[in-house]
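In this document, chain identifiers A, B, C and D correspond to the written order of the chains, with residue numbering beginning at 1 in each.
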Amino acid sequence: MRNKNRETAILLISCDDQPGLVAEVSYFVSTYKGNIVSSDQHNDSSGAFFMRVQWDMADFTIPAEKIGAAFEPIAEKYNMDWKLKFSHIQPRIAIMVSKYDHALFELLQRNKSGELPGEIVHIVGNHKDTESIAEYFDIPFSHIPITKATKAEMEKKEMDLFDSLEVDLIILARYMQILSADFVDHYPQKIINIHHSFLPAFIGAKPYHQAFERGVKIIGATSHYVTSDLDQGPIIAQGITHISHRDSVEDLIRKGRALEKNVLARGVELHLNHQVLVFGNKTVVFD
Amino acid sequence: MRNKNRETAILLISCDDQPGLVAEVSYFVSTYKGNIVSSDQHNDSSGAFFMRVQWDMADFTIPAEKIGAAFEPIAEKYNMDWKLKFSHIQPRIAIMVSKYDHALFELLQRNKSGELPGEIVHIVGNHKDTESIAEYFDIPFSHIPITKATKAEMEKKEMDLFDSLEVDLIILARYMQILSADFVDHYPQKIINIHHSFLPAFIGAKPYHQAFERGVKIIGATSHYVTSDLDQGPIIAQGITHISHRDSVEDLIRKGRALEKNVLARGVELHLNHQVLVFGNKTVVFD
Amino acid sequence: MRNKNRETAILLISCDDQPGLVAEVSYFVSTYKGNIVSSDQHNDSSGAFFMRVQWDMADFTIPAEKIGAAFEPIAEKYNMDWKLKFSHIQPRIAIMVSKYDHALFELLQRNKSGELPGEIVHIVGNHKDTESIAEYFDIPFSHIPITKATKAEMEKKEMDLFDSLEVDLIILARYMQILSADFVDHYPQKIINIHHSFLPAFIGAKPYHQAFERGVKIIGATSHYVTSDLDQGPIIAQGITHISHRDSVEDLIRKGRALEKNVLARGVELHLNHQVLVFGNKTVVFD
Amino acid sequence: MRNKNRETAILLISCDDQPGLVAEVSYFVSTYKGNIVSSDQHNDSSGAFFMRVQWDMADFTIPAEKIGAAFEPIAEKYNMDWKLKFSHIQPRIAIMVSKYDHALFELLQRNKSGELPGEIVHIVGNHKDTESIAEYFDIPFSHIPITKATKAEMEKKEMDLFDSLEVDLIILARYMQILSADFVDHYPQKIINIHHSFLPAFIGAKPYHQAFERGVKIIGATSHYVTSDLDQGPIIAQGITHISHRDSVEDLIRKGRALEKNVLARGVELHLNHQVLVFGNKTVVFD
């Protein structure tokens, strides 16, 4: 997953554990002259099997668009859920943001410098504060304010926009609105949020205030897939920073910023490199 | 607070913030020829003031037993809560333990090597598993098993024991019993527990199982003073370690051990060096 | 030191340790009705004494410009080196940069959001790559390319520029040139660099290549004051990140970026909040 | 690699990268009804290939002692270096120690509690200080003091002892002697040391003193295989802890202890679980 200059194919598999799975998949790749550059697997204690295999397409004898059909019989034999991805196909990304700009800046700067793959095709703000940043990075920006009364309508507008743009991933970069279940269900495992606490501690609003009240000595941030249960979706990445009694709520907010943006960028990077498999409410992260 | 070979006095103060506090206290020390080796203070946003000042006793002109009386007028003037401690007076420590021996070993080995001050005067186990360890370190051990029926009686026995030993601190080194409110109230800010989670996440029983179920990417441990609210007491120290989907519950338990014992030892060390002040349900830790 | 909305004065002192120092300084502050909001000190094992005291100017009876003269007799009595700073006076900052933009972005974004104090008055690039960023943040930019032949002349030009702008701090945000001793000596303790290794490991060029060759499992970054000895100046802050055999040199460079910019911002923040005292080749950091 | 209750076989392979390697190895395992519980590989940028595959022996149709012969043709075809290990065969371990007991205690306590696999068959001390610990854990102890004059003779005695005990791994648990090249060469990749610095910083004697002098803000520890170049062997694991100007050399020594013992135990655990492959002067760690 690190050989970024090569064109590679990535196969992500989940199914019930059975003997012969690794052999059958790797044999498939090598039969058609694919050199495996990365292969990882996981056997869950519940009997589930997960695999990620990545191979160089340079000498692979099946063209990209026909690999799926060629693999189908193996997938059926083992009753696999599977996805096939290619490193040279750039995922299309939308970012939703409110007033805070630190997480947005981080994503844009990393994307521009090539650290973060993908094409950021649109930024939606429920405030106008970040419009000039979008301009600087030359990314279309829509100002879509939300009120209780307009929420359903505005979400519809956002979904139409994202669907017309064929968006693969929606990143909530400190987007301060709770998305409706309709919206969330429309993009399963395609919305990544950053929550500014070490989940499951301090779910919901104002986690830094909650952390200050409790007197913890460490604060955290969590990037996770959004589900219709608030702050309960599958966790991708977490990070922490140490604090002390000297830190006011404002200090926590300030210190938390660096944490939030780095943990969000980490979660997004793992997703975009096709290193994450979701099962139930948890993730397998092949890193 | 680090000059361990010198005899030093440590004054811990809390009161309402008022101008002149630092000056008055440091002037008191210097008037009697005490050289301040460490001085720290904290102004809480609520208007509370906390101070810790430590000075060399070598040339101090008031003998240890008379310092309190000499300081009393200043304390009254500012309506201070205050404590006076001396680095050369070894606190008397009791340890309560069940079957796990890792946290106990850590405390005993650190104490023996001089890392952890104090005199460990007794170990109480509700199982006999750790008796030979106590023997090896030459510390009296009492086996006091607890059942629902005998709990009140046994706790009475423990309190009598600890009171007769004039114990200053009780450490719960993975002691798997919940202490009664009577017991806890008898030793305010004198019982330190290690909880094997990143509080306030995963309160109560089996936190590693809870962490596994939630699919977190980091686990933690918390050392805190025990109050009658389970796992809700003032936090002294916290630590974390990274985990992955590969880790089973058993792996979390194993990885958590190193974390637990180190975070407990850290909390105990801070307490024994008189670096912790409790206010409400939080701590000021002067480190 | 965290009460950013109040106007405060900060006094930084170093001298030989003597009894009465803390008392005398805090008495001075309280005599003129200054409420101490933060006070910290350090006694080095070599007999040196360091102190940082910060007080609220709201009720202080000496106006800011006369405090120095009022304190002078105490300073002379104890033969102190001392500096007086004010939280409401914004330090004037210049940034030097080459082609990499991640550290520059970090500093500008934190400064704009109020996390990092000071006024960034100029950016100098020896390449033009970051000019548009300067424009976006509305900060004057000079393109001053350096060759062996022009180095002395160009450094003269930079010094003239910085002096005319009355710059208090020069930040090397991954500036890929070695500054001459003349330049460095002109700004003692006023130039902060980020070195992309865990100093003193991997001094000099290409530290990530060196780290890769050695097969380390952790990489680091170090922010330090620049002296005429390359990468040998007093260290202000350090940070690390874990790596594995999977990481190529390119991965180290990529992972190092987040580390570099955060450790640089941390070092700069400590300096700008007047929390750093240099002694010999080391720092006292009052945090 | 975590399913410790199952009997598993572990195959470790290094060779030149060639298409079909993963397929061929996994096919071999599945042909004989081995269910793969863990499989990991690494392609070095230099063209080297590394693989670790672990399978359940429960239904495997080749008995343990005949697997090698069955795998030999594949190994020859690809010109592999390979090792076959079994999770139920306990490695035989010797520990060498001087006066410090913290690292020794950690290893013994973890081994006793089942965290660390293997059988500790002997402890050699060049001082007698730790003899009673060996007794407590019921492990034979030899006191073998070393002087310049007796070094060759004593090392011969140690080698005879370890060879007669068929030792698989020698752990230097803060053993304060430099081993001769003869000794080291006799146990290639079979001696693990803990160096109390963040290598390659502070090689050689008194690293904490060196760290104090340099004024670093983080200290480290490194577990590595011993080679005849002092502190230059392949690194297995590293860890760090934050320090400040307040920490004296004695504080670094004290804080370093917890670090040393945990990083040593981590390196030993990885080795004993057959998760480490050495190539050149670096390691591949499959964790």
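Keep this in mind: contacts are C-beta pairs under 8 Å (C-beta built on N, C-alpha and C of every residue); 3 or more make two chains touch, one makes a residue touch a chain.
Only a predicted model underlies this, so the values are computations on that prediction, with no experimental measurement involved.
In this structure, the chain pairs A-D and B-D differ in their number of contacting C-beta pairs, and the larger number is found at A-D. Greatest Cα centroid separation from subunit C: this falls to D.
A straight line joining the Cα centres of subunit B and subunit D is 36 Å long. Separating the centre of subunit C from that of subunit D, both taken as means of CA atoms, is a distance of 41 Å. Contact with two or more other chains is made by residues 246, 248 of subunit C. Listed in rising order, the residues of subunit C touching subunit D in the complex are 42, 44-45, 198-202, 214-218, 220, 234-240, 244-246, 248, 281-285, 287. Against subunit D, the residues of subunit B that register as touching in their complex are 2, 4, 101-102, 105, 109, 113, 115, 132, 136, 246-248, 250-251, 254, 257-258, 262, 265. Residues 3, 17, 19-24, 26-27, 29-31, 33-41, 43, 59 of subunit A are the ones touching subunit D in the complex.
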